Amino acid sequence: MTSESVLTLRDVHIRDRVTGRDVVRGVDLDVGPGRSIGIVGESGSGKTLTCRAALGILPRRFTVADGTIELLGRDIAGLTDSQWTELRGSAISAVFQDPASYLNPSIQVGPQIAEVIRVKLGLQRRAAKLRAIELLTAVHLRDPELVYGRYTYELSGGMLQRVLIAAAIAAQPQILIADEATTALDVTVQAEILDLLTDLRDQSGLALVVVSHDLAVVAQVCDEVLVLHDGEVVERGTTAEVLYEPRHEYTRLLIAEHEQYGLDRFREGDRVH
Amino acid sequence: MSTENRPVLEVTDLEVHYGLRSKRHRALSGVSLSVVPGEIIGIIGETGSGKSTLARAVLGLVKASHGRIVVDGEDVTGYSGRRWRGLRRRGVVQYVFQDPLRSLDPDLTVAQSLAEPLAVHGVTGAAAHATIRQYLARVRLGEELLSRLPGELTGGQRQRVAVARALVSEPKLIFLDEPVSALDSANRVQVLEILKSLRSTGAALVFISHDLGSVAGVADRIAVLYQGELVEVGPAAEIINAPRHDYTRLLVRSAPTLHSSAADRAERDALRAALHG
Amino acid sequence: MVRRVLSLTSGRIAVIILGVIVLLAVFGPLISPQDSLAGSADTLAAPSWAHWLGTDYLGRDVFSRLLDGSGVSVAGSVQVALIALVAGGIPGILSVYLGRVFEWAALRLVDTLIALPFLLFAVAVVALLGNGISQAMLVVGVLVAPLYFRVARAATLQVAHSQYVEAAIISGVSLAGIVRRHVWAKVLPPLAVALAQTIGTGFIIVSSLTFLGIGVQPPAPTWGGLLATDLGYLSYQWYAPIVPAALIMATVWASNLLADAIRDVSGVNGRALLDDRTIRRRSAAAEGSIR
C-alpha cells in the first residue's frame, strides 16, 4: 500500500510558532493513484494548513512540528527549494478558492498556461501553445482557442477555475489538491467542476485531495472522507461509512444539517433513517 | 381575515433594464410573483439571473422599466426618492446582506448599529435600549455583545446582529441575500432556526440564493429565475421532487447532496447539453 | 473623541504645544516688551538682556517681533485650513451625494483650480480685493482646497458604496444621518492629516507671499517673514533663523502629531489601540499584585 501511495501523512502536527500551540494534531492520510480523499472541516479546523504543509508552502508562522509527510515515497522534510520547484506542478499541484487571484490580469490566460508547459516540460513556444489548447479542451471549455486569448476579467469564475485546473495538470502531476476550489461558484458550475475532477481522476489516474466545508461536496467526489474539527481528525472512513455510520457528534451535525435543511430532506428513496 | 391574507408583496410583469442605449440590456422580464404574510419563499438564481435586481427593484434601489410593484398594499412603481424614503422610514421592508462583515459599519458598536433603524422611527434613549435588548435576545445573543465592534464578533454572531438590525423596525417583508452561505454548519442551523421562528411574527421572508439546497429546508415556496425570467414557481417539495423546467432539473441535480448517484451525473450531462445547445 | 485623543501621550503633547502656540497668538502682541516696528541704530545686535533674541537689520527687537507676529501667523494658517475645509472638504463629501450635475461641476471646478498658476491667481485676487493678510490667505485656502476635496471625496466614495450605507438607506436613514453616522468618522482622519499639513505649508506660503509684497506688508512681523529676512543676514547672525524656524516646526510637528492621534483613536484602529492599552495595564497590575 505505502509503496503505491502518492501522498502519505503520518501523525502530522502543525505548530503555530507565535503561540506555541499545535493547530493541527495528528493527521494521518494516504492517497493512492486514481483515488480521492476528502477533508471536511470549518474555517480554522486546520484543513488548509494540512494541505499547505503537503505542498511545502506553510506560512512562516507555522511549522510541521511532528510526524512525516511523504510525496511519492520521499520524505518532504529534507527537500531543498530547487527540489520543491521541480516537484511542484510535475508531482503535486493545487487549485484554490479564488481563481482570479492566481492569474495575472494583464496577460492573456492561454500564454500563462503555455509558460508552465515551457518551463516544466521544456516544449517550444508553438508546441506549448498547442498543448495548452489541448488542456483547455480537456477541462471541457467550449472554444478553447478563443479562451486562450482572453484576459481574466473576460472570463467567469467557473471558466477561470477550469483554466487554473488546466494549468495545474499541465505538467501531469500525480496528485491534485483542490482546496475549497468550488466554494465561490454557482451550484451548477460547482457540479461541472466536480464532474471534471472526477473525470480527470478516472481517466488519467490523478489522485485527488478535495478540501471543503461542505460534506456533500466531498461525498460527491471522494472514496474516503476525513473530518477535521479543531485541528484533530474526529472521523475517518469510506464515504459510505462516514455517511451511514457517523461516530462523532460533529459528523452527525454535518449530516443533520443536510437532512434537515438541505435537499436531502426531499430526495426520498436513499434517505437514512 | 382578508387583510391578513393580503399579499405583502405583489410584483406584476416586472421588467428592469440596465445601461444606456447600445449597452442597454434586460436584467428582468415578465416577472410576476406575490408573497403573503408569514410565508417563506426562496428565489433561486445564479450569477446574472437577475435575482439581486429583483430585490433591488422591490427595495426601490433600481427603477422598473415596466410592470407594477405593490408593497404592503401601496403601489410603489413610480415612487420618487422622497416617497421611497417615507416608505422605508416606516420600516416595512428590510434587507439582510450576504456578508455581515461588510454590511455592518466596522466603526459602530452592535448597540449603535441596532439603534440606527430605531432612531429613524423616532425611538431613542431608554425605549430604544429596551427594544434592542429584546431583539438581541430573539437572535439568541447575550447583552455583553452590545458594546462590541463587528470585528470583535464571530461570523455567526455578526450575521445574527445583521438579522436583528433588520428586525428592530418590525418589517412585514425581509429580503435575505444568501444569509447563511458565509457561515459554518453549526451557525447555519442556528441562524436558519431563528429565521424560521420569525414566521410567527407574521413577517414574510424572501431568501435569495444560488443554491436550491440552501433554502430547501426553510422555504414554503421556491421561485426559479433563469436569465432574467421566472421559469418556475411552486411549493418547495414540488419544485424539488418534480421540477418541470430543464434548468430547475439541472439545479436539483447539481445541488450537493449526501447521497448522489451515477444517475445524477448522466442526467446533469444531458440537461447541460439541452440548455446550452 | 477629545478624551480619547488626550489618553494618548502623543495626543497630550500635541495639545499642549498647540495650546502654547494659541496662547502666544492671543496674548503675544500684548506682552511684547518693545515696539516691534521701532528701529534703532543698534542693528544686528547679539542677544542681550535688553534684546533677548538680539535685533534685526533695522535694529528692531526680534523677541518683540516674534511675539507680535504670532497672532497674524497663526490666524493666517488657521484661516487657510478653515477655508480649505469649507471650500474643499465639505464639497468633497457632498459631491458624492448631491447628484450628477453638482458632481460634474465640482470636479471641473477643482480641475480648474489645480491648473491655475498660483502667483498669477494671487496677484489677480489681491488686485481685485485689495492687499492684506486675509485676502492672501483666501487665495492660499482656495488653492489648497482641491487637496481637501480629493481626500474627502476619496474617503466618502469608499464609504458610499459600502453595504452598511446601503443598509442604512434601506432603513430610511436620511442623507444627513448617513453622513453624520457613517461617513464623517471615515473622512475625518485623512482630513485631519491634510489639515496638519496645510497649517505647516500655510506659514511657508505666508512668508513667500511677503517676499512678493502680497499679504503682510513689510514692516508688520510674521514668523515666516522673520525667517525670510533672517536668511538674508545669515553671514552676520547664523543663529537668527533658529527661533522662528523652531516655532514653525513645533506648530507643524504638533499638528501632525495631533492628526496621527486622531487617526489612531478613531474607529476600529482606536478600539484596537485602547484594548491594547487596557490589556497592558491589566497585566502590569496583575504583576504588581503578585509582588
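Each chain gets a letter, A, B and C, in the order it is written, and its residues are counted from 1.
Keep this in mind: contacts are C-beta pairs under 8 Å (C-beta built on N, C-alpha and C of every residue); 3 or more make two chains touch, one makes a residue touch a chain.
What you are looking at is a predicted structure, and each value in this text was computed from that prediction instead of being measured.
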Greatest number of touching C-beta pairs links chains A-B
Judged by C-alpha centres, the chain sitting nearest the middle of the protein is B
Averaging C-alpha coordinates per chain, one finds the centres of subunit A and subunit B separated by a number of Å equal to 32
Rounded to the nearest Å, the gap between Cα centres of subunit A and subunit C is 56
Per the C-alpha means, the centres of subunit B and subunit C lie apart by a whole-Å value of 49
In the complex, subunit A touches subunit B at residues 42-43, 156-157, 186-192, 195, 198, 213-217, 219-220, 243, 253-268, 270-272
Note: in the complex, subunit B contacts subunit C through residues 59, 61, 85-91, 93-95, 97, 99, 102-108, 112-113, 116-117, 119-120, 149, 151-152, 162, 165, 169
Subunit C contacts subunit B in the complex at 162-164, 166-174, 177, 181-182, 185-186, 266-268, 271
Note: in the complex, subunit B contacts subunit A through residues 46-47, 184-186, 188-189, 192, 210-214, 216-218, 236-237, 240-241, 250-261, 265, 268-269, 272
